[in-house]
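You will see chain A twice below: alongside chain B first, and alongside chain C after that.
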Partner chain A sequence: MNIVVCVKQVPDPETPASQFAVDEAAKRVIPAQGIAPVVNPYDPQATEAALRLRDAAGEGTITVISLGPDSARDAIKHALAMGADEGILLSDPSFEGIDNFQTAAILAETIKKVGIPDLILMGRAAADWDMGVVPIGVAQLLDIPCVTVAKAVEVGDGNITVERVLDDGFETVETTLPAVVSVSNEFGEPRYPQLRQIMLAAKKNVEVWDKESLGLDPASVGSDNRLLALEALYVPKVESNVEVIQGDSPEEKARNLALKLREAKLI
Partner chain B sequence: MPRDHAADILDPIAKEVVNNVGVWVDKEVVPVASEFEHADEFPEPLVNGMAEMGLFAIKIPEQYGGLDLSFECYAGVCIELARGWMSLAGVLNTHVLVAWAINAYGTEEQKENYLRRMVEPEIRAALSITEPDAGSDAQAIKTQARRDGDDYLISGQKMWVTNGQRAGVYLVLTKTEMDTTPPHKGISAFLVDAGTEGFTVGRKLEKLGYKGVETTELSFENARVPALNILGGSEGSGFQHVMSALEVGRINVASRGVGVAQAAFEDSIHYAQQRTAFGKPIAQHQAQQLRLAEMATKIRAARLLTFDAARKKDAGQRTDLDAGMAKLYATEVAQEVVLEAMRIHGGVGYSNELPLERYYRDAPVMVIAEGTSDIQKLVIARNLLREYQI
Partner chain C sequence: MSAILVIGELNEGVVASHTFELLAAARSLSDAGGGDVHALVPGDSSVGQSLFGGGADAVHVATNQLLQTELTVDAFLPPVLNVIENTGADIVLIAQTAFGRDFGPALAFNLKAAVAMECTGLTLDGGRLQATRACYGGSARAEVKWGSSVQIVTIKPKTLDALATDDSRSGEVTEVSEVGEARVKILGTEKAEATGIRLEDAEVVVSGGRGLGEPEAFGILEELGNLLNGATGASRAACDLGWYPPSQQVGLTGKTVTPNLYIAVAISGASQHMAGMSGSKNIVAINRDEDSNMVQSSRFAVIEDYKKVIPALIEEIKNLG
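Up next, the complex of A and B:
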């Protein structure tokens, strides 16, 4: 069973809010000083899903792909340390500032070049922009099915059964392979890399593919060719007013709270 | 606040390993350490997690199935473990130290027999030097090994044996000759298997801190051990072998000092920004700032001394001076820092709801074990006097 896992390196979501800043004029996030980027927290779950499926099948190759600067190699190395087989870094100066459409297009071209696998797995969203649209874009461009926000996956003979997370519960769907599946945190804890795997991963070569090696049309990539226009980027101001609900007894306080909530049309 | 677990580590593989161990400690150890510690319960799931990652194989050569990672890496791993819970680095210490001694001084048969089983580990190892009447003066041990055909019969009492209850093999310091001059020429170290007839593991000692990991007595009554189990195969080198192995232990304990101090400092600098007094966070009061600055500077110095000693050991250099300095300084710093952390926290630091009281109880054992601070100073001074001899 051959699987492609797409991973992304993101600013550490644990960065304190006080150190988060944006350049409103340039419409970009200013990286927090001294805090290294990390692998997107949902992506190890996608890698974990790939490892379990490969190991259950007893054969196959897991190829990890990441689009980003040279430091994104660390996100690939993490997946290799978990047990993935091969890594490809998609890196080119023109990839900076691209939109989700271009990301999906570059990933789809890469996957075609690698050879369409049985399954393509990604995290449910990247923790930086939290949009979760790239899996759908890649599936669209490869003309294969896409199932998002998976909590469990089971591969059959040419098909896959996915338990999806909904706002108010779960649903189970089935589709044909090859397919794209985005994996949610409900899938379960990813394994910790073993020291031996870390050492093997360190020795593995991560191929770097740029715009030319992918044969991309220069007019299709780059921040000047975005289809998604970023109108404004700012940190919203959060204002909170605290009102202590008065009352002589817990019952009266609860009643007064309920009245306030009704007044505000919240209940 | 995200932190670089592998700061100051130069080797890329070591960096990666230490980062992963740091993540594991944050997620798996920190939330449960105090619970295990207060119950004085052996942390089976955590030790299993360490084994699954491969930590027990960290210093075993690849030819015996181990990972053969650097001392720099080992120091970084121990700092991270101790940052979560000092006892975990203690569980690892005697195992790594004995594995190192077997690899450095053991016969090929001993390496094949023990090192392969210590990788997974199928067996864990303990070190036994101290006796009721012999601590820092290790040459004064009374446990005797008398030759009996192809075997030796060991008799005596041992104390303060870390991992005493769960070890599969014990490196035991004995006297094979009682009246040699100097005394260490009559000392030999034996590899004694758990379950050997005449060898019993005694009571678990109750302690102020360093809980979870068991510290026991050992009793030998004509315990029959094959002559083939003398480390290195011949009598008289045990003292030198074990003292040399203790350098590995000193890197471990120095790292533990750094880890515990780091944990106490991080808790303090977070708390100081949350706790207000006299109208502002206490971190805005100069008295606390001076305290935090001193704590961080000392921890950094201790960290760099520890990595320096580890890297010298990796380079094959003699490290009794460097490991001694690292162990002396890092453990004394840990002791100072946990007290300063207590001052910053005030009353809440004294409660057992925060881990600080655990760090406070864990710090003293580090200035005692693996050679007290006084012994480290003697080792350092002897080296310096040799170096600067006129």
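Up next, the complex of A and C:
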């Protein structure tokens, strides 16, 4: 059972609002002081799913791919420490500021070069742009089925059964392999790499592929070739006009709140 | 000649409410010079008729039975591509539902067009679409424009109001018979157990976050919610900890709610959560931190330990009758 897992490095989504800032001219997030970027929160679940499937099959290779700057190596190392086998970093100055259309195209080219595996797993969306487009795009470009927002997966003979999260419940679907499956947080806790595994992963080689080694058409990549143009990026302003309910005790505050709510006809 | 296409969905045999919300968005783009409003929905011509009243100038129905019972991306792509080609639609509006969030990107890659997910504030600039969308967990906003001729947008349900039904509008429904081969087979669906009122329909929502400190605290939030005929929600952090079912998550990665009264208990107001409830008409925050984003965003706030306030509040509300 050969599996490709795509992971992404993102600014830490738990960054306090007070430390989140944007360079509006460059249309980029300014990295918060002392807060390191992290693996996209959904991605360890995708790696966890890959590990369970490989171990259940008793054989196979898990290849981790990440597109990003040199620091994205850490996202790959995290998956290797969890137990993945090989890592490829897709890094090139021209990859900076690209849109999800190009990201999907570069990932699809990489996967073709690696050899189409039985299964391609990703997180349901990345916590930076919050789109969830890339898994579907990769599947469309490779002309294979896609199932998104998985909470459980089970591989059969040439097919996969996926329990996925809907707006108001769950759905069980089946499709043929190879396929792309995006994994949601409902999948459950991913394993936490132990120190020994982190040290072993540090020694594993991560290949770096650039635009040339992928044989990409230079006219097809780069922020100038975005299909979705980013016109502006900014932090929205909050104007406060809160009325803080007064009272000498919690009980009195509760009474005053109840009276306010009744007065405003809210209860 | 440009045109706008609304991709409709059915909900238990009738046109879903979010389809009418998309029609309202399409109507205002049309008034700004975006061209005629076309709508396509799986179903027969009687199902399609209701779309005229909601604001469509032309209605198309995808009649294949499979689309009405088991709507999948692969099956719906051919009729949608057909209608886009025949109408010259260059703006496509799709609801950000479990179906739409897959369909929008799939359609985009088929057309070599860009898609922007969960947009708000759609405007036309020189006949081309411009949209705002939240990103970085709601901490930032991006303004986007499309470099492709077809511009595909998804809009989260309940973020727009549908137009009042105009029964004087009617027209002829065009039938489209194509259907694609479904590569993903649906084996079964299961509704999430919702105790009481559905979160999205509730006029009052009481939500708790990680600041509750313990999963048992949701018991008292449910008691308050039930007393007010409301529903109970939770922040992403509380759901990730396994304190409350994911189906009750309010936020960017959960439900969008717009109740008349939203009571946020021990929720700091990380942008992840605000994205799902900032459309609430009245927000009450119960929090120990007066500087927290939730308190600053609320109409009324009680700066206090929720454990002391909520039981007292329940008593007071009972006394008020």
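A few remarks follow.
In the analysis below, the second predicted complex is superposed on the first by the 238 of 267 C-alpha atoms of A that agree within 3 Å, B and C clash if a C-alpha of one lies under 4 Å from a C-alpha of the other, contacts with A are read in each partner's own complex, and residues count from 1 in each chain.
Just so it is clear, a contact is a pair of C-beta atoms (placed from the backbone, for glycine too) under 8 Å apart; a residue touches a chain by one contact, two chains touch by 3 or more.
Here the structure is a predicted model, which means the values were calculated and not measured.
Of the two partner chains, chain B is the only one that A:202 touches; chain C does not reach it. In the superposition on chain A, A:81 makes contact with chain B only, not with chain C. Taking chain A as the reference chain, the count of touched residues is higher for C when chain B and chain C are set side by side.
Once chain A of one complex is fitted onto chain A of the other, the partner contacts of A:192 are limited to chain B, with no touch recorded for chain C.
Looking at the shared chain after the overlay, A:232 reaches chain C, while chain B stays out of its contact range. When the two structures are aligned on the shared chain, A:35 is found in touch with chain B, with no touch to chain C.
When the shared chain is aligned, chain C comes close enough to touch A:176, but chain B does not. Within chain A, the residues touched by chain B in the first complex and by chain C in the second are 14-15. Those residues of chain B whose C-beta lies close enough to touch chain A in the complex are 1-2, 4, 12-13, 16-17, 20, 23-24, 49, 52-55, 57-58, 67, 69. The touching residues of chain A, when paired with chain B in their complex, are 12, 14-16, 35-36, 38, 77, 81, 192-196, 198-199, 201-202.
Residue ranges of chain C in contact with chain A, taken from their complex: 73-74, 97-98, 101-102, 104-106, 108-110, 112-118, 130, 134-137, 139-148, 183-192, 194, 198, 204, 228, 239-240, 246-247, 252-253, 255, 260-261, 269-272, 282, 284-285, 290, 293, 295-305, 308-310, 312-313, 315-317, 319-320. Residues 11, 13-15, 17, 20, 22, 29, 99, 101, 104, 125, 127-133, 136-137, 140-141, 145-149, 161, 164-176, 185-186, 226-236, 238, 240-245, 250-251, 253-255, 257-262, 264, 266-267 of chain A are the ones touching chain C in the complex.
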